[in-house]
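The two complexes that follow have subunit A in common; it is paired with subunit B in the first and with subunit C in the second.
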Partner chain A sequence: MTRSASPGLLVAIAALALGLVVAFTVGRFPITTVDLFDVLWSRAVGRASSASPAAENVILLVRGPRVVAALLVGAALAVAGTAFQGLFRNPLVSPDILGASAGAALGAVLGIFFSLGVIGIESLAFIGGLLAVVAVYVIGSLLQSRDPILVLVLTGVVIGSLLGAGVGLVKYLADPYNQLPAMTFWLLGSLAATTASDLLPLLGPVAVGSAVLIALRWRMNVMSLPEEEARALGLATGPLRIAIVAAATLVTSASVATSGIIAWVGLVVPHLARALVGPDFPRLLPTSAILGGSYLLFIDTVARTAAPIEIPLGILTAVIGTPFFIWLLARMQRTWS
Partner chain B sequence: MSRHQGLRHHDRHLTRVTRRALIAGASAALVASSRARAATVTDGAGRSVPVPARVDRVFPAGPPAAIMLYTLAPDLLLGWPRANRADEREFLLPDVGARPEVGRITGRGNTANLEEVLALKPDLILDIGTINPTFVSLADRVQEQTGIPYALLDGRFDGVAQAYRVMGELVGRRDASDTLARYAEDTVKTISGRIAALPRERRARVYYARGPRGLETGLGGSINVETIELLAQNVAGGTRGGLATVSIEQVLVWNPDVIVTIDRDFAASVIEDRAWAPVAAVRARRVHLSPKLPFGWVDFPPSVNRLIGLWWLAKILYPDLFPEDLRTLTRDFYGRFYHVTPNDAQIERVLAGRD
Partner chain C sequence: MTLAGQNLTIGYSDRVVGRNLNVALQEGEVLALLGPNGGGKTTLLKTLMGLLRPLAGEALIDGRSLVVTSARERARRIAYVPQTHVATFAFTVESVVLMGRTAHGNLFTRPSTRDHVVVAGALDRFGIAHLKERPYTMISGGERQLVLLARALAQEPRFIVLDEPTASLDFGNQGKVMREIRALAASGHGVLFTTHDPNHALRAADRAYLLRDGECLAEGRVADILNREQLEALYRAPVEKLTDMTAGASAFLPG
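And then the complex of A and B:
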């Protein structure tokens, strides 16, 4: 890590810095750049701010937590996607391939169905995501096969659609006036309801999972080689795979529990990062994290600014992500062949 | 009930003609003021629905229909789309409130099986709600498949009186339906009449909060905010649509004078929530939790249960214009529509919005 930062990483950091200023100063409530720096500065030195109390409130209690949440969720999904694409040696893999989102979705709709509070719903979503991946991993490992990776992915797809059927059943039985809209909103993904108290339960798992993945960055390079070659290099692929899956699942479940289902970030951003800094994990992981955070920050700024009502994140990421991904596919065929 | 069923069963052995004659005579005797019943009535969608010769059992297609039928003719209600909870049954006739869950056949969320519906042998299927081509074709289809008359009525405030009258015609209770229709008309007319005197800009600006964080709201023209939009300005009314999520920032920009919510957790937490503190309604402690027993007062189900909610909200928004005593109004409404007389403690509990 003593090497000089690559130009690609600098591009990512520049995007992040720009994204932060734009995110703080753009929104439904008018906040000027002067207000922003005044509030932040007075916080830092501990004097009263000259900005209006409402502006201060928006910066510190409404927009601030939301910006942090967007950064964390975007970074988490991108890191998990990067890890999974390397681990499964497949460019079409996203962090929810092993059922984390489907499990979280079932947990969340059950929470809404039983009229739990916000904490209950988020906890159920988090636990649902973890349990789904544990189930996929256990079943996938029990099925003996010459290609354990392929079996794991297929098990994930199958269990994921079973959980999807569970979500459908709960929605079918839900109260159509009250619970059904809440479930629909949750499944479309949003950071609208983020408060400061949501940040700690998000930050903890994301920090732990990302730390594990970054610690394994060199080994992940080897893991993206074919199984026999990795073993020939003396790597215990089994335990390592469990560690990577566990860490990526931890960050994905924590993100999805906070924000609802946000597709595409974990699929598209790793490709963009790879285009910037190449496939070497020690560089790829931090770039991916920063780009993922900036990307979701940008999307979320549009989501809360473009109209008086929130535009669901899942819709925006798909609308922006699809053409972007097609463009990437056209440009980057060489990288994966 | 069992006697009724026995009688019905016996009927089946009579010839059609004698049965008709018998019923005509019986209903004339039962309903003294009954005029000759028309062969068909026009429902809220302009469909021509055959009037059943005799109505003993009515299947409600969804919650609004179940509630409206209960208010007019509780004895005819076959069951509820969803079984009532104990706290809801407390404000309903004991035997009717406890009738079984029969599912619903409105829209895509079909939980009732048509064979199940037929097994219940309804004389009429009643559906109250939005009238659009989807629901009209659903009504036509079910009527054709089951051979049971299917009436589709408009549940919005300006359609309620007419809906009652059509229902009265269909089930042969014209007088009772007329009384309820007049109550509905008078309520809407009295309340909107007093508010009409207020210039638009002096009407309260209301934010309707749903969900545990209060960030789901009803957009302009949504059935969810019909109560609010009749009385006040809906701050989210600028965008037309149904339910949507908004950000706290947007609520701060709207800066509503009053917040009406159906979520108890939100109502309890918003006063302490620093992010909401700058909102005028929160500063002035004008956050109001809607009563919801036995059925919601402001939002759902979108049926006549919201009529008393109009009084509640009108008194909250414009106490000077509405000096009536809400407790008296509530007792009167519950007597007329729910056929129960709640005591003072029960009324307090309802008004507090408790479960």
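And then the complex of A and C:
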């Protein structure tokens, strides 16, 4: 049975197209829309562009990787947030609820503390995120309970704050002139240093994790029901929960390792997507991914153009996210549609 | 096909709820589970559905232990209608009923044309096809109960287990759910339901199973065991029996 694309999805795609054009054209080196399409089209068909080499450089080497990274990170956080909100049956859950961000943060500040290179820092952040979630999952499963979901979330909160204390300790011990600013900058999130070589380690995990979640999209509807109902409908909820948590953690850790901590995207975007297309995962996941990518692209464009210096992404998402979320709360008091 | 519990000890790892329970349900038959709060009704229900492992004894579907039956196979034989609850997400009525088809696909398949046909049939049967685009959170309690019944039917099970299907429904909807339970049995399903109202058992069930403090007090045809003495023993409270002199039907009132 085929269905036509929903209006909500079209809205998301329009937002994406607009975000892309704005992100490429706006900045310290303004680029006309004509140049943008000329460069991209020439690259696609393999002929020389009539735009200036400087414009071509800015589009392909400077803004290109950053735009792709913003899209991937935004989409990854939104998809992971959507999956976790469904799995934990709680619309206030974000992708870092199981400690992925806290683990990544500790990994990254340790990397900076031991003066590792960029690759070392990103790898430690990625591994830290994965390890934190594995630890939360193992501890949460060992604590026998009739409500495994609740125990898992609470374990995540507890372990997350322990890791936060670890981050505090490393910052306290760090060299205040060289290392501490780097740590602070990392923890606030930024895509300013993104180059083409960062994209592959980001794309791999995000693609694998998202593919798993999209493959399971019909079952995720059922997984958002109470545990016993989902089992009575024929799902082996234990293994499925592990698969969903693993996939969401993979995409979250890979994005946090690239961009640093960017809060709010994984919390706010799933709500926006549900308001557009409803809670049905087969529609919700792609809409959420596109909206998340567009949202972070927009934020990142503001981050690099609004002020003479780069504004950290984490600060912008909070400034935009908080009033938006309060508005959402006021609008949707009756139901979390 | 038979759904049965043999010498069941039921409960949780830290607490035994009931012992020496023997239950059997045939296709086409309605069994009502009656008893006071905390007597073990829900625990017995979950054990018979295979959602809870028995501490001793066996829960069997057609002679095969539910413990060794996969979730998917189980769901194609036994459907569960939980007490209506407030849903977290506003799925449409159609999406909710479509979830009943989960066990008929594999892990990754999208719903087939046949799945949509079965869902449409289930919605029609309960007269709620006009609600299919509505959010499940925005319909009345009675309608929600019908949606959950439609979802159970979409599973194409042999047995349907309902946990207090009439709780929180208005008088008219209670009657409607009773009639639907009779109709499910007439179409060959075995139906097991719990209730706090002996009159609902009298109306809709063939047999009743009286459970108090984890023990079976009595079991048999409703006409034989649902009388004043049994109910007073079951609830430890006075009970009055009313009889309609013309129709011969009777009902119980808590005294």
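Brief remarks follow.
Operating definition for what follows: the second predicted complex is superposed on the first by the 335 of 337 C-alpha atoms of A that agree within 3 Å, B and C clash if a C-alpha of one lies under 4 Å from a C-alpha of the other, contacts with A are read in each partner's own complex, and residues count from 1 in each chain.
Methods note: a residue touches a chain if its C-beta (ideal position, glycine included) is under 8 Å from a C-beta of that chain, and two chains touch if they have at least 3 such contacts.
Bear in mind the structure is a predicted one, so any value in this text is a computation, not a measurement.
When the two structures are aligned on the shared chain, A:27 is found in touch with subunit B, with no touch to subunit C. Looking at the shared chain after the overlay, A:46 reaches neither subunit B nor subunit C. By the document's definition of touching, neither partner reaches A:323: not subunit B, not subunit C.
In the superposition on chain A, A:304 contacts subunit B only, with no contact to subunit C.
Contacts of A:178 after superposition on the shared chain: subunit B is touched, whereas subunit C is not. In the superposed pair of complexes, A:274 makes contact with subunit C only, with no contact to subunit B.
Interface of subunit B with subunit A (complex): residues 63, 82, 109, 111, 210-213, 215-216, 219, 236, 238-239, 241-250, 252-253, 262, 265, 273-275, 277-278, 299-302. Residues 1, 86, 89-91, 144, 146, 215-216, 218-219, 221-222, 224-226, 228-229, 231-237, 240, 274, 278-280, 282, 335-337 of subunit A are the ones that touch subunit C when the two sit in their complex. Across the interface of their complex, subunit A is touched by residues 12-13, 46, 49, 51, 70-72, 74-76, 78-80, 82, 85, 87-92, 95, 99-100, 102-103, 105, 107-111, 113, 116, 135, 137-138, 155 of subunit C.
For subunit A in complex with subunit B, the touching residues are 27-29, 53-54, 57-58, 61-63, 66, 117-118, 121, 172-173, 175-178, 180-182, 185, 190, 192-193, 195, 304, 307-310, 312.
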